[in-house]
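Shared chain: chain A. Partners: chain B in the first complex, chain C in the second.
Coming up: the complex of A and B.
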């Protein structure tokens, strides 16, 4: 489940009232026409209104790059350098990582202690599963880990698991701490909340460059990048959880004489457990989403192997490695969720010590047995290659066969869409002067949100222009817009269909989960084979990922409509069609709009990944910044993507709020 | 049970002692890994050689450009394949920052336009740039029409093919991909359908063991090509030439390596492979489907004399 990306709700705007004619009374379409005419006229007079002159670009990019170089090399007080501090931090973080490595795959070499044999980890997963969730979860966890062993992914899986089991507690505790702090102090909340918005709207890859400059290459920088990305959802959930604790509970706690510390840890946090666990779930998902990307800065494991497989055109192997990541994600998710919902084990009360500690004892026994087995049979420590299976080659053959057979049908469609639709749309987008865009965004913001929204949106667009990212930003908007339109066209009907029957809903939701956890890099290769390098490939790759929220939120929105509302519609004699369009969709509108919002965010974050196909958009700028260590380029391009996301979010939310008021819902 | 285990551990510990005592430092030697096969196998070959001498070895993946700054400041310690064609600038920058050039392999490398052999059936002279240009038409796609499409490397691999196309007045448009895998996906798809395609490729890599084809010959570059307009086929332009047809392949290392692990440094310095040996390393993985570790073991046993001479 993906956490709704919520921008702080826009406060009701003051109505703009002028004594003579209110701007709000002029139809938006007329305002737009005037802005377009003025903008075109201006750009005819002055070329700078169409393309901001290169010489006038604020050299922020170079400043940021040099600042980070200075920070990484020379900055410091006296002989103490920032560099020493970051190295010290890195060494500190290296400790838990090293221990996890020893345990999971490396062993302690000087003492010649072997790592945990795979048998013991699979058994351990089963015992853990049984402890928190019973036999079903036990079986499930064990078979997921067994998959890693049987498909020959064990060592890489353990490498990935190492980073994950260190990153998750880190991200959770930092998030918890920041969240509590933000709830207690308004000033902190005012700083932290918009920062989280920005952090989540910025693509993962943009974090990598500054992390590399400050922390170098390897497991530790990968860990840091992962924690930075995975922490905000946790903090957000903590804030939400603490704020929604019913006041009665807090009062009851105070009346029983809790100290503030007791009140927090014994009353409020347990009361908000459900939302907190959603945060933990998000941390786990985001951590695994970073697995592949973190391998660009030196993380070893499944992510790195997956990229190598793709590089060698071994799609099948990459799919198996990707599934390995999904398996780890699912097990961690199910186990943490089950642990949170675990009922108190009343049956165990009054039973023997041995019964109460049966899981720990079982694990101890499993450890001893598996170490003994490993000492006797090598197969029990790491499954040798001849005992593993792979369907990689068969999958490769199948994809090639499909590409070959379907190419003749797909080719004309591809050419038509590319030449007749996409290229003209792209040329049109590139030809629009930036002054027109700033004007239109401002007018729309004023009408939908108010003066604050208008100023914010105009400022963000202007920033993109002034820092010299206009053209890649326009290309990004063009790709994302095309993709989002298609996403909604696909997602809305599927969401409606799923909401009508649980038989459809179950497989659809399972596919959605898989699509989102599956490393998106894999979609790229078949897309290129079928559609060649070009804008359409970019769009289709974005679709595979970004359609999910559109389906999910439509489904959730429709499912949450109260039965009475639908019964009232039926009682009033609405036809099924009327029921859908006049009752259900309008009532579900807030969720559907949230889904649209999410779709845009997902599409924007995919842009950095589709850059691997080849494009000239902001994603490419981010991707290119990494090998050249051009921090300014990476950060500014990342922020430009965030800016586009924020503008879209504000305008859509403004529109949805107006619409809701108009319909008298929500 | 427990007892046996402890005995086993103790035995192992004693067994390992003598080997570990020989080396100068127990600190792990970090070998850089990139994302193409021959590099992965050769770095494993080096790793296994060093491990046989008792050193502790770790592998860290890295980007092909950023690795040199990591080597310069000691975050990583040795790289077995540095290519002139795509890494020259970053390599030289690394040398300035304190990285060490650990010698040149016998192998020569080439990065150039490349066509599958079936293209020669429809365009027999496509092996040279003039001949290829005469059939530019067969390479056109919907976006590039009426010009042909050249599928180029990622924009920052230090090559500007658009400029070369212009300097040579060719009827091609360079479409740059974002990464190498994209090139291979396009090649695989076109190859299965025998569709004409011309794309960026390099040798040695695994492509030559999976696909039959050849490089397109361009005028051999000389310094004058980039300075003197009169030089080359186009009298009015600089840059009217190709990439060097035999470029160097080097090893690179952290400057502190010779001091920290003198024995390992000597192995790195002596290590030297030729084109056939590199292609063989890649083939073991890409065609025979071995893992990189197994391929390295196999490669060592096939080249035992050579390896022994490096280990001496």
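Coming up: the complex of A and C.
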């Protein structure tokens, strides 16, 4: 593209009137001012510019709902119905699920055999831990599982684990296959990659609605939703892994006479193993997060127990169950990560067969011993209830006492923040005409990412308006915005602090890592304990979940500044303060903004979860769609959240990329 | 030097850009530099023709961006040339099917890479067995062959190490062993020693010469280091901007540089290790009491003797006196005529 002809300065002035040529020269603030003024004027003339008339809403919701009803009931070719297909699929998936259930907790019914004794599973976890990560991980995994047993959460824990164990291989293999396909064919990549963008920006819960229509309630639908939800990160990692294999390794494979198949399986996939393993780790974590939420469609397990406890305000039990989920999450995360980073076992080289297979042998021995124990003592097979402990009631009382005592202090603060800050902000947000938002988003998109970005962003916002989700969307933005502002206010100083001293960084990063493994559900527990329900609780829950990336990216952004830059600042006589504000923060800003981007994404996914404790936003729309099987409402509300996410993402990424290019680090 | 042609390249072009084949056709197969730039194309290899003879070491030398790496990737068909002709053992290499190419690579070609290209998940031995495994050779046979190769490159005892445990020089020895495992006719080396420290590099160059004395492969060797080229080459091809500027023996290039660009390299070259007496001798056939020197001697090897002699010394070729060399010629040879 050639640059438009540049007019000499004195001739250019009248051209300001022609927007195409000179828009880029008008400061963004002015553009915003003009758009706001025009928008307000328009909405003063025509109420439809403020609130899109109900009658003009495109009835997409109904269409989608009816489409899915039709799909679930009547669709098909001749006598073959889609319904039959989904049933067949469900039956197929039911098989591995049933067997995993038999093995882990139900006992093999057809053969009248008991399940694996819990002792053997705890020992198995220890052996697995030792295999991939040494003694510390062994001890850690065993004690986490022991916690489940001792606190009487064994059966529910195993139910949760069952779906994870069955879902992960499916998600991994589908992701692997899709990823390979996308790398091989540009056309597939062009379809798949924006689809993954959309899928990852859509909150968990939105997946549940269509699944319920097609597959009903229960473990299998939960499994299906889980697989669909957890697959994109794997496919992404496959694409990344294959694309980042050093070209010389691929060339060496080719020159060794590999066929394309040999090249893929013997050269590229082994060479990209680390990233692939990270993909597996992500799949496992996403799976667990989804399984917990899938309790909304009838998946049994810890998630369901937790949901019930929360609804009945049995906070003590909720804490114990929540901790159980957290234990499973941390064990799965640590084990898969250790597996991904496992160095080649140099020590085993040249040792005996028995040494090299010591873990398998140990597991065999553990199985035999625990079955023998189980035959002798029933307690070793299934831990009876009288041997488990629970502090549920005591904790409930403690929480109640604490809430009573603290409420006197918390309540005024909460009420003050709610009445004086949140409600005015909310009312302000609701008063903004949608025309203004479309205009502002368009102008920002044009400046930051070009015409394509502008059109995409405007289209997405317009879609929310036309399909009748404007008000919940505004409420969502208001919640997310409030939470994100606080996230940044917390995250930035902590990130800066951590970047200044490794002694602080280590524990802070460890806590961040751990917090990120928790399924979002968990964060509701303390919030309900302390704040009861209301907008502020929602914001705090979002905050608790979404602060981590803004800490992490601030830290990383500051740490990645080249030493020379900092040395130059010091050599030029900058005080630590000047160094921070004049050199480090400006240079790290693009990275910090990407952290903001992540924070917004996580906040959006948490918005959907906070619907469980009451809200009026898009999350609530999805949540309400579930029991009424209103697929259109659920999907469109989910997509609206995705749309908000994509708009924020494009604008922030556009800005960060521009800035990075500016700084010469892009 | 045997004159059997192993690889013949004719009018080879490799363009990078939106639609290279079409573009080349539109410009009658010979676009100008301006046309390339205007069309947004990069002419990585432009109209390059040369032969590689059986058993010779042909070094392609050029600075980064000269197209030398693209050229070797065209010859090994890791890249597809945009146009041109290429024969390998008299067979058309450009139109070989994928299956034929795999066969050729499995048995006739070996390649060594700048950053080694070792498979990180395999130990030394199974890196070396890899091409044999691709051929479908049995485990015993391929491991025996690989052990032989590992011994040849002096890595015995390291068979069970992983690439990550080896130094750069050792890793490249593995790369060399792997590329030789299938007993290839043609050996491609793409800047094999550029990633190594100077001392290790010199050692590896000597090692390479030792291997070649035993193996007598046909070699295409890529480097950006003129001294390395001079040290190893039977013939050197110098590339610049995608074109082959000059091709000839090191002596030829140093004595008769085709362009200023080549002359720049030649000026700083170690003349005493490139130029032979034949090139500097005068045609005066003197008779001296010291035994005559061989016309093929490098001037560096006899410089001390010639410079310390009061009178010129006779130069003989195949037992016949063909001329003589005195201090003047020797100094011209060592420092160039203008240096006086």
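Keep this in mind: the second predicted complex is superposed on the first by the 596 of 666 C-alpha atoms of A that agree within 3 Å, B and C clash if a C-alpha of one lies under 4 Å from a C-alpha of the other, contacts with A are read in each partner's own complex, and residues count from 1 in each chain.
The rule we apply is simple: a contact is a pair of C-beta atoms (placed from the backbone, for glycine too) under 8 Å apart; a residue touches a chain by one contact, two chains touch by 3 or more.
For clarity, every value in this text was computed on a predicted model and none was experimentally measured.
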Combined model on chain A where chain B meets chain C, clash or fit: fit
Chain B or chain C, by number of chain A residues touched: B
First (chain B), second (chain C), both or neither touched by A:53: neither
Touching partner for A:78 - first (chain B), second (chain C), both, neither: neither
Which superposed partner A:259 touches (first chain B, second chain C, both, neither): second
Inter-chain angle, chain B to chain C through the CA centre of chain A, in degrees rounded to a multiple of 10: 160
Which superposed partner A:502 touches (first chain B, second chain C, both, neither): neither
Chain C versus chain B - closest C-alpha approach in the superposed model, Å: 40
Residue ranges of chain A in contact with chain C within the complex: 246, 248-249, 251-259, 262, 266-267, 270-271, 273, 344, 346, 349-350
Contacting residues of chain B [partner chain A, same complex]: 1-2, 4-5, 8-9, 12-13, 15-16, 20, 26, 35-37, 40, 56, 59-67, 69-70, 73, 75-76, 141-143, 151, 154-156, 175-182, 184-186, 188-189, 192-193, 206, 285-286, 289, 291, 294
Touching residues (chain side chain C, partner chain A) in the complex: 73, 76, 78, 102-103, 105-107, 109-111, 113-122, 130-131, 133-135, 160, 162, 164-165, 175, 178-179, 182, 188
In the complex with chain B, residue positions of chain A that touch it: 109-113, 152, 212, 216-218, 295-296, 298-300, 304, 307-308, 310-313, 368-369, 371-372, 375, 385, 393, 400, 403-404, 407, 414-415, 418-419, 423, 524-525, 528-530, 532-534, 610-615, 620, 623-624, 626-629
